[in-house]
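Each of the two complexes below includes chain A, the first together with chain B, the second together with chain C.
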Partner chain A sequence: MMGLERALIEMLLQFVTRDELNAFLRSPQHTATLVGCLIAVCGALLGTFLLLRGLSLTSDAISHTVLLGIVIAFMLMTGAGLEGDTSSPWLIVGAAAAGVGTVLLTEALHRSGLVRQDAALGLAFPLLFAIAVILVSRFVDDVHLDDDAVLVGEIGLAWANTNSHCFEHCGVLRITPEHPAAQQTRQCANCRELGISPRDERAEFKEVCGNCGVYSPAQAWSAGLLDEAPTLVFFPKSITVMLVMTALTVGFVAVFYKELKLTTFDAALAKSLGFRPAALTYTLMVLVSLVAVGAFDAVGSILVIAFFIIPPAAAYLLTDRLSGMLLLSPIIGGAGAFFGYDLARGLLFGIFPVAEGIAALNAIFGLQLREAWDSSISASVVLTMFVIFVLVWILSPRYGLLASAIRRANSRRRFEDQVVLAHIHNHQGTPSHAIELQAATLHLHFRWTPQKMSRVLMRLRALGFLSLEAGSAILTQRGDAHVHAFRKHMLVAHNIPDIDPTQP
Partner chain B sequence: MPIAMPEPGQLALAIDDLTVAYDQKPALWDIDLEVPKGALMAIVGPNGAGKSTLIKAALNLIPRAAGSVLFHGQPYEAARHLVGYVPQRGSVDWDFPTSVLDVVTMGLYGKLGWLRRPGRRERAKALAALEQVDLVELAGRQISQLSGGQQQRTFLARALVQDAQIYFMDEPFAAVDAITEAAIVNILRELNKRGRTVLVVHHDLQTVPEYFDWLTLLNVEVVASGRTCQVFTLDNLQKTYGGRVASLHGGQVLAAGG
Partner chain C sequence: MTERRVWQMIAALLMLGVLLLPLSQALFGLRLTYTVRVVALGGSLLGALSGALGCFAVLRRESLLGDALSHAALPGVAVGFLLAGRQLGALLVGAGIASWLGLRLVAAILRTTRIKQDAALGIVLASFFAAGIALLTYIQSLPDASQAGLDSFIFGQAAAIIESDIALLGGIGLAVAVVLALLWKEFKLLTFDADFASAGGLRGGLINALLSTLIVVTIVLGLQLAGVILMVGMLIAPAIAARQWTHSLEQMVVLAAALGAFAGGSGAVISALDSDIPTGPMIIVVAFALVLLSITLAPGRGVIWSQLRQRENRRNFRSRRLEPGA
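Let's look at the complex of A and B:
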């Protein structure tokens, strides 16, 4: 991981100076936004397939049960005498195993035929999570895990957890007692043992070096042991972790796009054509587990599901193609992460000050709400994503609530028009003409309100489909042609199913 | 019921002692079935007779408890390229974000194998298959906007594009309009003319003699199998449906259950 970071930094240093890079990375906003965006991109890509497979909630389950994998790996490592480092690859292996284990356990329960799919998930993941919680509290005391971090993560602190990379003046400093900078002190070796003071005659002394040891360049500089400052770059660990996850995810989806599409749409066909739907499914679940672990520090185990589900759900309403979803959902997720940081600082979408909204609420309803706004970053990101989803849900050109309502109203209007036109067509020129087609009484035949009928008649006259002669409605030539076209269309539609794209 | 045994070399499909069970409950019991090359065969039987199970077990989609299945004398793994499969329409999510052309192209994924992407050649083949089922003008349409019959024809095109030797179709006639039914029958005859073997799970007894020259009557076990003219008798149908078939009148089934 250090080598990767170093290569990355060297590449970046081609474009920016070291000071600029350090300044950029040291800003909590930049790191939080970057990490948030990377999580959003991974989540959106994988979530697209989870959503289409009806496995949305699996991401929630996995983001919880990876804790079990982390804890067990941690215990095994401590047992084997290894340092229990939270960014160790073994923890990631453990997490991936736990993710797959969750899916296996869920499927085993479901396949017994005694438990439904959703209930199986509901049984499996609290069990694994509960075991993890017990193991943490019983055996792993020093692992960093508090309630807040599990709930919402600490994306705002991601900038502070860094690896330092040294580029110049990087000599590792080893201070030995012989080193000129060594701080030697004399210490009584047997004073405590004998209960005497150092001034006592019996006291024996030994030389003790107060600052001996091995210093990294950064430590040596801060201890004032170097004349020249080492050239350092502090790189946040979360960025590296999430960059690796993003590369894996993007690579997986790009390489296996065709296979993922086929197995998601029709697993039986995929199997009969010689592909391995199960292998792809488990790879997908391993990646979901990895991303869940990578995102754990940043956004906790609960809000992760939003990164997997909200962006694809919004993209689903905007496009009819899988490729479109895979393009749009990372953009939506990334936008959520980007503007989410602003919202946490009190600006919705970076423009609208939340405080003014609260002030308005206070003014209108006489509430006593505090206007200052400073909230959890990850929660704000999720909230922003949800706001985007709601906007799409209402305004999506094809599937949005507004578009559907307009379409329904239009088709209702067209239907009313046709009903009236057909009636006039049927009675025009018959003996009952005068009775049936009186504009003033037409609404009685339909059991419609006079208002509705006059609205329809007005519309039909404006369209040039009918005219009024002596108070009777008469079809114009255009109206006549329209009725015939409609009848022809209806007759054809009777045999060929409707292929009107406006019909869902 | 004596069945004329074709030469082994001429068999498109040879099922031997196939048993499939769900939780030790047999869904298919000791099936022996031989289908000659070029046969257009209906598989008919009541609900729960194991018709779909027979196809799925033959294609290794569900585990077999016993028995073997050979396609042109080879096991499925070696004969995958010979086999085309049209699953039941309801087996997929038609709200999936993809186009008609894309679904048809999926039939070619097997030939492409892992990693290779469909290109212009695959697109042309898919369009040609859509032409055969009269859906070319809907090639770019989102699949959720298709009617049931159009969905079925899309599936049929996806199988045609595979250019297989043996086709398995699971209830292609279920709940389709008259135009689609006619289109499917045309395709079946066309495939038959080109010497392909087609097995169709079918529900409508009335149309069996008209559409199919071979027939297998199935009810967990094979009741009878052979040429339609020999197998399609009241006696056999009653054995299959348990007496719920009332009468045969001039070759027409007047009342059929199941």
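Let's look at the complex of A and C:
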């Protein structure tokens, strides 16, 4: 991991100076946005396939049970005498195993034939999460697995958790008791053992070196042990983790695009062609677990599912092509991450100030709410994604609410036109002409309101399909042609032979 | 299993439930403090309520609706706090309104788009929960100190249950029982054949909304005890366990209520025996153990029985002589 980071930094240093890089990474906004965008890209790519397979809520289950994997791995590590470090690769292995375990448990329940798919999921993940919570509170005391970290995460602090990389003046300092900078202090050697104070006469003393040990360049510099400042770059760990995840995800989707597409849309065909849909599904689930763990610190276990579900759902309303979804959903997710930071600081999409909204609420309902809005960044990112989803839902050119309302209105209008024209065509020139086609009473034959009828008549006259003669509606030449064209079209469409009923 | 056997089983479960506290006092040396009694009672009441209503959720293939609705309640808790301060009533009403809105949003997404149920639930769950977290963070930045403990709604805090909560649970439970009894026929019809119900002139939308409202109320009451994440388990585990023993809805609902009550009570007792075990998660574990028992043991339907039957069939098949042309 360190080597990878170093290579990356060296590449970046080709383009920017060290100070610029450090300043960029030290800004909470830049790091949070970058990490958020990376999570969004991973989530959106994997989520697209989950959505199309109807497995979206599996990401919910996995993101919860990942906690169990982390806890068990942590307990095994401390049991084996290893340092219980929360960023150890073993925790990631444990989390991935827990993710796969969730899927296996769900499938075992489902395959027993006694429990339905959704119920199996709803049984499996509360159980695993409950076990995790019990284990945490029963056996693990000193981890930072508290509520907020588990559920919410804090992407705003991603910048502070860094690895330091040294590029110049990088002497690793080892201070031994003989070193001139070593600080010797006297310490009581048997006080704690005997439970006595250092002033007791039985106390034995020994010389202890207070600052001995190995210093990394960054530690040595901050302890004032170096004369010359080392050239350091501080690189946030989250960025590295999520970069690796993104590379894995993008690589997986790029390499197995064909297989994923086939198994997603026609698993049976894929199987008969010799692919293994199950193997691909499990790989997908492992990646989902890995991304969930990688995003754990940043956005927590509940909010991460928004990254898997909301952007693909929005993209699903915009396009019918898999490639289109894979392109659009990372963009939507990335936009959410980008504008989410602004929302947390009180600006929706960087334009609309939240404070004015709160002020308006205060004014209308007579409340006394604080107007300064300063909120959780990860929650704001999710909210921004949701706002984008709602906008897409309303405005999507093909499936949006607006578009389908317009489409419905159009087809209603067309239908009204057709029935009125057909009515006139049927009665025109028959003996019932005078009764049936009176413009003033025409609405009665359709059981419409007079207003509706006059609206339709007006439209048809404007289109030049009919005219009024002596209070009766009759078809114009154009209207007649239209009716015949439509009749022919319907006959062909329903495969009916064209027999003119007026001919014997 | 015959109908009579199931009723006997329900009776035995109830007996066991009544004797739970005295038994655990005698066997494990449980100290029956006020808190233990209240939490055990609250747990079993909630278990009974959610078990009975969970049957409908499971049978209507809406098992995960409970998950989305319980998460969706969070912004309501926050808004309730902002408007009325720390009063349980206001918080619960806010939670109820928010999860009801979540329900409507899921329905709207399903009706007007081609997004499927799982994704619609996920969208509502995540965005409502995010709104709740954003509001809670905002509340925490307020100078008012009384917001402490609002996030106990996320994980649940069984020890905070007091007598008035029990009264509330009991009252709501009674109301739910009355509604179930009065509208039994309608609920049953709607659960098994919604199309037929509406064709027969039943106001499907209204009954549906009523049933969903009952589920929302149960979830909101359960939030305090089990928290948003585990509530879905409370709702569906007893129902799934009960489903294995019987084919009749009446028995399933009663059995689920009994199993839920048992899980709630014994989970509370176990967590009282060891102070490090939280109550809500323990109830879920007990409930899942009941599911596992039911899936393996239930006569006729369980895994063991179907294995035995398969072996029997295989033996019969092998022993039968297959004659050509026969």
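What we mean here is this: the second predicted complex is superposed on the first by the 465 of 504 C-alpha atoms of A that agree within 3 Å, B and C clash if a C-alpha of one lies under 4 Å from a C-alpha of the other, contacts with A are read in each partner's own complex, and residues count from 1 in each chain.
One rule holds for everything that comes next: a residue touches a chain if its C-beta (ideal position, glycine included) is under 8 Å from a C-beta of that chain, and two chains touch if they have at least 3 such contacts.
All values derive from a computational prediction rather than experimental measurement.
**Q** Per the contact definition in the header, classify A:Trp373: touching chain B only (first), chain C only (second), both, or neither.
**A** second
**Q** Contact-wise, after the overlay, does A:Phe275 reach chain B, chain C, both or neither (first, second, both, neither)?
**A** It touches chain B, and chain C stays clear.
**Q** Given the superposition on chain A, which partner contacts more residues in chain A: chain B or chain C?
**A** Comparing chain B with chain C, the partner touching more chain A residues is C.
**Q** Please work out whether A:Ala223 is in contact with chain B alone, chain C alone, both, or neither, and reply first, second, both or neither.
**A** A:Ala223 contacts neither chain B nor chain C.
**Q** Just chain B (first), just chain C (second), both, or neither: which does A:Tyr316 touch?
**A** Both: A:Tyr316 reaches chain B and chain C.
**Q** Output check: A:Phe129 vs chain B and chain C. Expected answer is one of first, second, both, neither. What do you get?
**A** second
**Q** Determine, under the contact definition given at the top, whether A:Asp266 touches first (chain B), second (chain C), both, or neither.
**A** In the superposition, A:Asp266 contacts chain B only.
**Q** Is A:Leu303 contacted by the first partner chain B, the second partner chain C, both or neither?
**A** second
**Q** Identify the partner contact of A:Trp393: answer first if only chain B is touched, second if only chain C is, both if each is, neither if none is.
**A** second
**Q** Just to be sure I read the superposition right, which of the two partners does A:Leu402 touch: chain B = first, chain C = second, or both, or neither?
**A** In the superposed model, A:Leu402 contacts neither chain B nor chain C.
**Q** If you lay the two complexes on top of each other, which residues of chain A touch chain B in one and chain C in the other?
**A** Chain A residues touching both partners: 54, 113, 316.
**Q** In the complex formed with chain A, which residues of chain B make contact?
**A** 23, 56, 59-61, 77, 80, 83, 85, 87, 91-93, 96-99, 102-103, 106, 109-110, 112-118, 138, 141-142, 144-150, 158, 177-179
**Q** With touch defined as at the start, can you tell me which chain C residues reach chain A in the complex?
**A** Touching chain A: residues 58, 61-64, 66-67, 71, 82-83, 109, 112-116, 118-123, 125-127, 129-131, 133-135, 137-138, 141-142, 151, 154-155, 229-230, 232-233, 235-237, 240, 243-244, 274, 276-278, 280-282, 284-285, 288, 291, 295, 301-303, 306 of chain C.
**Q** Report the residues of chain A in contact with chain C in the complex, numbered from low to high.
**A** 51, 54-57, 59-60, 64, 109, 112-116, 118-119, 121-123, 126-127, 129-131, 133-134, 137-138, 147-148, 151-152, 302-303, 305-306, 308-310, 312-313, 316-317, 344, 367, 369-370, 372-376, 378-380, 382-383, 385-386, 389, 393, 399, 401, 404
**Q** Which residues of chain A touch chain B in the complex?
**A** For chain A paired with chain B, touching residues are 52, 54, 113, 255-259, 261-262, 264-266, 268-275, 316, 319-322, 324-325, 495-499, 501, 503-504.
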